[in-house]
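Please go over the structures that come below.
Here chain A shows up in two complexes: once beside chain B, once beside chain C.
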Partner chain A sequence: MKAVGARLPRYDGVGHVTGQTQFVDDVRVREMLWAKALRSPHHHAAITRMDTSKAEAMPGVEAVITHADVPLLEYGHLSALGIPADEPLLAKDEVRYKGQPIALVAAEDADTARAGVEAIEIDYEERPTLFDVRKAFDDDAPTVHRWGNWYPHFEGEMDRRQIRKGNIEEAFEAADTIVSGVYRPAAIEHAPLETQVSMVVPEPDGRLTVYSCTQALYFSLGVMAAHLQVPLNRLKVVGGTVGGGFGGKVDTASETVTALAAMKANRPVKWRWTREEEFLASSTRAPWHMEIIDAVTSDGWILGRKMLTLHDSGAYARFSPYGLTKHSFHHTGAYTIPNLHFDGYVVFTNRVPTTAMRGFGVTSVSFATETHMSRIADVLGLDPFEVRLKNANRINDTSPNMITYPDPSTVDVVLSIAEATDHSLDDAYMSMSRAQRSGDMLPEHLAAQIGEGHEHASLHALVHGVDNDSEGN
Partner chain B sequence: MNITLNGVSRQISSPPLTPLLRVLRNELNVVSAKAGCEAGGCGACTVLVDGRPQRSCLTAVGSLNGAAVTTLEGLGTSENLSAVQQAFVHHYAAQCGFCTPGMVVAATAYLDAGGSDDKEAIQEALGGHVCRCTGYLKIVNAIAAAATQSEFDLTITAEEPNVVVKTGGR
Partner chain C sequence: MAVHRGRGVAAIEYPTGMNQNGDPSQAWIKVKPDGRVDVFSGTADIGNGAKTIQSQIVAETIGVPYDWVTFDNSNTDSSPVCTGTFASRATFVAGKAVLKAAEEVRHKLLEIAGLEMEASADDLEVVDGEVMVKGSPTEKLSVADVAGAATYGHGQLITGTGAQLKPYAEILDPETGVVSSPPHSAISYAACAAEVEVDDETGNVRVLKLIQAYDVGKAINPALVEGQIQGGAIMGLGLAVLENAYPYYPSVEHRGYGFGSYYSPGMEDLPELETIIIENPSADGPYGAKGIGEMANNAQPAAIAAAVHDAAGVWITELPITPELVLKALEAKAEPRREGKLVAFDDEISVNTVGAGISWMP
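Now for the complex of A and B:
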């Protein structure tokens, strides 16, 4: 605890204010080529013909990379955890979002690379598009993904993330009131000041030195090695200086294709996205569609929750199954609801693939659940703090994914917000603590769930769910 | 053609319509000015041209024959940090650091022109400089502090620091 209360300068502060911090774009090597990408101008189309010969013949163009150059075209960010892959590194016969990369041209300078991109001959046949997750399930909805319009590979080959807990029918029979709400936070572009960038340098010993803006160096290492089909020891990934990431630089966005160009040209290659490309083609936080229907009592207890979530994955799965799983585990927010019926779908659309952003999968559901708590109080004419404090997680309560909370802080947080906002509460509430439920705070419907869960969630559980997840229907 | 870059005369061979940002980064290998958008929208490429802040991505180098160009490298070194640089470190105004070169350059121009610690005036002067990390407050606070103070405490009070920061005035 030596650092608590002490002034700690940023270790990189002086570098930042003097211009000495070296971002990827600042690394200087000799003989470097610049890369530019051919990206899909369509949201959804078949590629019916592509001819790169004119680009390849252009003076100054040193390498043109297409799907045919990729040793393993499809590899998912979660493949190592058993999630199947769906996204080609470069589009082959179909493009599913506007801005999807199709080819990369590396040339002596950026202008020549751009001219090379323009010299690629390509024909498309446009296909119908899908942008609204709510329409993905319609009979006449266009099919936007080879797996269909939603991810079908949750464990047990289920097509949704499903949670069933307690007895939802009984909860709704016992309810005094039903409170429902729909919540739809929009996509957000991370908009880092530093756009996606990487530079790959072929070394004389056959290795590649990879300078990357990645937030997730070991993801990049694994994903690159898989696509390139080289052992890990051929790759030296240099990272650590990120010009803003916020989750958007978790995806291995540029390194692998840049590496292929560097290998083909046998020269260093840099691929730095323009601001326009960053906005057009870099991943975003997902838009979500969440429907909550709660069975409540007139004195503010939540007996049960039915929830439907449509997670807009964009055109490919990437981390979305993981994000939705986390989301499902948190779908009661910081509160304990014993009877649950949750269905969540990772829905494919012709948007740019979505990814992590600050609390992946959880910020959306926090927004929905907190708004819904206030809505419940509103409908019942109760104090929103009291409704929260009643239902707040307590020691030994059990989460949706059957984890026993060892030390939840909801009560303390709600009380300190009440204090900070001068919100007066009855003594019964003011004196509440996180201690295990008893007395008035232990109504019948909450008794059975106490201490019923596992000790902790593992990463495996986060990706694959926990044992009791998929019971019922 | 010639420019004086951070006090040193430099010959330029790029074509006259080349943006100054590219000349700095690619021809002269002076890389503090950053390419955040190359379209005049973010301010990360800001340098001083004859003392006035200018977006180097929008400045054709041919218009600068004989001009004095100052980049962040010309404002202070790690051994000899300017007041603005110290203030940015002290107030944690640089987070990822990518907007910082433009911010420090623009802040220096604002204070050199007699700018005060008035926070609205600082916001006005830094308008159009995008920072995605800090939320701006720390940047404005740093500049306001640098308006009235020339030395900042950059020492570490933790018991076992693993970082050594050098201080110095300008």
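Now for the complex of A and C:
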């Protein structure tokens, strides 16, 4: 019997639908302590004083963890990729979003832990806040991040992600019509059924067993080991079965602080976020602000695109520089546009840091560019399927970063939907394929867009130039 | 006052694997003395079906039944590196790691079988748990017997290891974004048509039907692929018309703090769904597969926004498309600003209107 291509039953399906699958919170061990967090009540404030002594002296409180207990306070999930760290594991002298963790109390039961949190004495001095990414660049905008209001560490220490291709001015001069629009998809919650949760058990041999809901066991292992400054085999991350993630559990949200509490108390500790914490203090999908201006011909060719993206990163960078880069690589969508001018900024605000979520970086740009595409068709009085089929990526077309597409299927999927919706198209469109451009599908403005056909046009482009001058194909 | 129907379409693409690559996955496999197969992979299953898909790839590649395979992703002591379950990488990148490990296992099984059957390993194949001489299916030995012979006769452990890593694609020039090599493992494509109803009295948008076509390369498990596409569609519907973590964005006030105060899609929002799977195999994915887990919520919002325009004549470009936004747009009847060949929509929400510190020209 063939296994690949078969509708085989889900490996873990019976356990899931009968409630027998063991998730992190189902694991209980003897002597386990419960943890609760002190979180910032302010969107932006200096911490001017903190005293944990009364909490530490409370009967039943076994450990209080603050920034002072963390061997390496700042470590970024993407530090290994050269994206510098900016977020402390626990807030030290300032808080930049409401809900930011400041301290963790581990106690015999949840009520005692909560009482311990309330016994921590802390003073704040509130600071001005910034929430609108469009105002982050204004002279009178408050500064909300130590790097300034937008991320300044892209390659070459550039403060934005750029794409430049072809000659954008010529494209706009040659255009019959220029269409501009603004697109603002909202932040949404990951809303997993299983909230952020971890349990850490100190073992007799000095190792720590970390029960984790992470989507990425080794990512979390590396991040924990870096914060704790221990070798990888000091930790055993146990997980692999996640009660909903959608990107929100790529952040190692609770594991490291729980480990510190378990080490200090020398007892197992579980930290399970409440539903309210999951909604209000855990990361969301980012809100995005995108402006697109396209140079188009009256028969529906897109000659050039200018685009500005402001990515609302929230209080810290997390994965946002990565997400914006991915966004920029895909800002032409499923189409080939020869002249491009893209500027994107990762903007800091005083909201909960945003993070990865299903479609990271691209969900936003798919909404913006495809709604814009429909608008272009509407403005020009053209069929929205036909405009898409014309501009659709073809085999060996060149991407925004000058690589070629070996196997694009835009034409296939659009024709499939046309058929399924009984959308009538002229034969010229019905007979289109994803084959390399020729004839009517290779107008002059796309002549230089045919790559080498080995999925690697970049060196060719660097050597031969990538302007509008056709060198044939 | 009336209810209007409209249709819209969107087409999208999405990369498989981490952007710019550099994201390894590794796996190893051992065979028990009765031929049953244990797979150790570090891929978390977040509901995407990683355990199922990787088990299928191993069963197919070795040539044993699916239910002979156990899958262990439970901890970092026994499982090797997997960068994680995100970036639509589990089926393609981690799938290739288990595929390579399974190929090594099959090779070693055939070598032992060759000794037992006095045949060259090159002349043997594994079909449904049995090793047979190619073209002569009567000469055969069960995989169970081969594994037993390996353990008790030849003193050998049959294992395989596999690793997949596409090297980091460097940005050669930060001014232009030109990269050194393809910054992904593959690209998948999809299109979606939406049919909606817009009530011009209440502003309510009801999504009636979503028709979707996905090029998945190869559906390793068509049931799970359909699950991804249909589940993703409902998530995309939520993005389009319901969900908002900051209902008064950019304000941070009045956030929903639980399922009762946050509008995620419920059963009453479920539209009719039609799913079309296209298989244009990728050049080097496992059995031609590409990743589609994430893109499954990307096409619906634009298709729904276009359908709302088709129905009600207004473009809503802030998500979610709430009744409030629809009613305001119907009332404003805004026309784009036209200057020369420029047709400018949405001036009122542009940085040019709202911000002062960033210049942006239409």
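Keep this in mind: the second predicted complex is superposed on the first by the 444 of 473 C-alpha atoms of A that agree within 3 Å, B and C clash if a C-alpha of one lies under 4 Å from a C-alpha of the other, contacts with A are read in each partner's own complex, and residues count from 1 in each chain.
Throughout what follows, contacts are C-beta pairs under 8 Å (C-beta built on N, C-alpha and C of every residue); 3 or more make two chains touch, one makes a residue touch a chain.
Model, not experiment: these values are computed from the prediction.
Student: Could you look at A:Ala216 and tell me whether it touches chain B, chain C, both or neither (first, second, both, neither)?
Tutor: A:Ala216: touches chain C, not chain B.
Student: Let me test your reading of the model: by the given contact rule, A:Thr18 touches which partner, first (chain B), second (chain C), both or neither?
Tutor: A:Thr18 sits against chain B, while chain C stays out of touch.
Student: In the superposed arrangement, which partner chain does A:Gly244 touch: chain B (first), chain C (second), both, or neither?
Tutor: both
Student: Compare chain B and chain C by how many residues of chain A each one touches, and report the one with more.
Tutor: Partner with more touched residues of chain A: C.
Student: State whether A:Leu310 touches chain B only (first), chain C only (second), both chains, or neither.
Tutor: The answer is second: A:Leu310 touches chain C but not chain B.
Student: So, A:Glu194: does it touch chain B (first), chain C (second), both, or neither?
Tutor: Touch partner of A:Glu194: chain B, not chain C.
Student: Given the touch rule stated above, what does A:Arg275 touch, chain B (first), chain C (second), both, or neither?
Tutor: After superposing on A, A:Arg275 lies in contact with both chain B and chain C.
Student: Is A:Val414 in contact with chain B, with chain C, with both, or with neither (first, second, both, neither)?
Tutor: Touch status of A:Val414: second partner only.
Student: Considering only the touch criterion stated at the top, classify A:Arg394 as touching first (chain B), second (chain C), both, or neither.
Tutor: neither
Student: If you stack the two complexes on chain A, which partner ends up touching A:Arg7: first (chain B), second (chain C), both, or neither?
Tutor: both
Student: After overlaying the two complexes on chain A, where does the chain B footprint on chain A coincide with the chain C footprint?
Tutor: On chain A, the residues that contact chain B in one structure and chain C in the other are 2-3, 6-12, 191, 242, 244-246, 275.
Student: Which positions of chain B touch chain A when the two form their complex?
Tutor: That would be residues 25, 29, 31-32, 34-39, 41-42, 44, 71-73, 76-78, 81, 84-86, 88-90, 92, 94, 96-101, 104, 130-133, 153-163, 165-166 of chain B.
Student: If you look only at chain A, which of its residues touch chain B in the complex?
Tutor: It comes out as residues 2-3, 6-21, 23, 25-26, 28, 190-195, 242-246, 272, 274-275.
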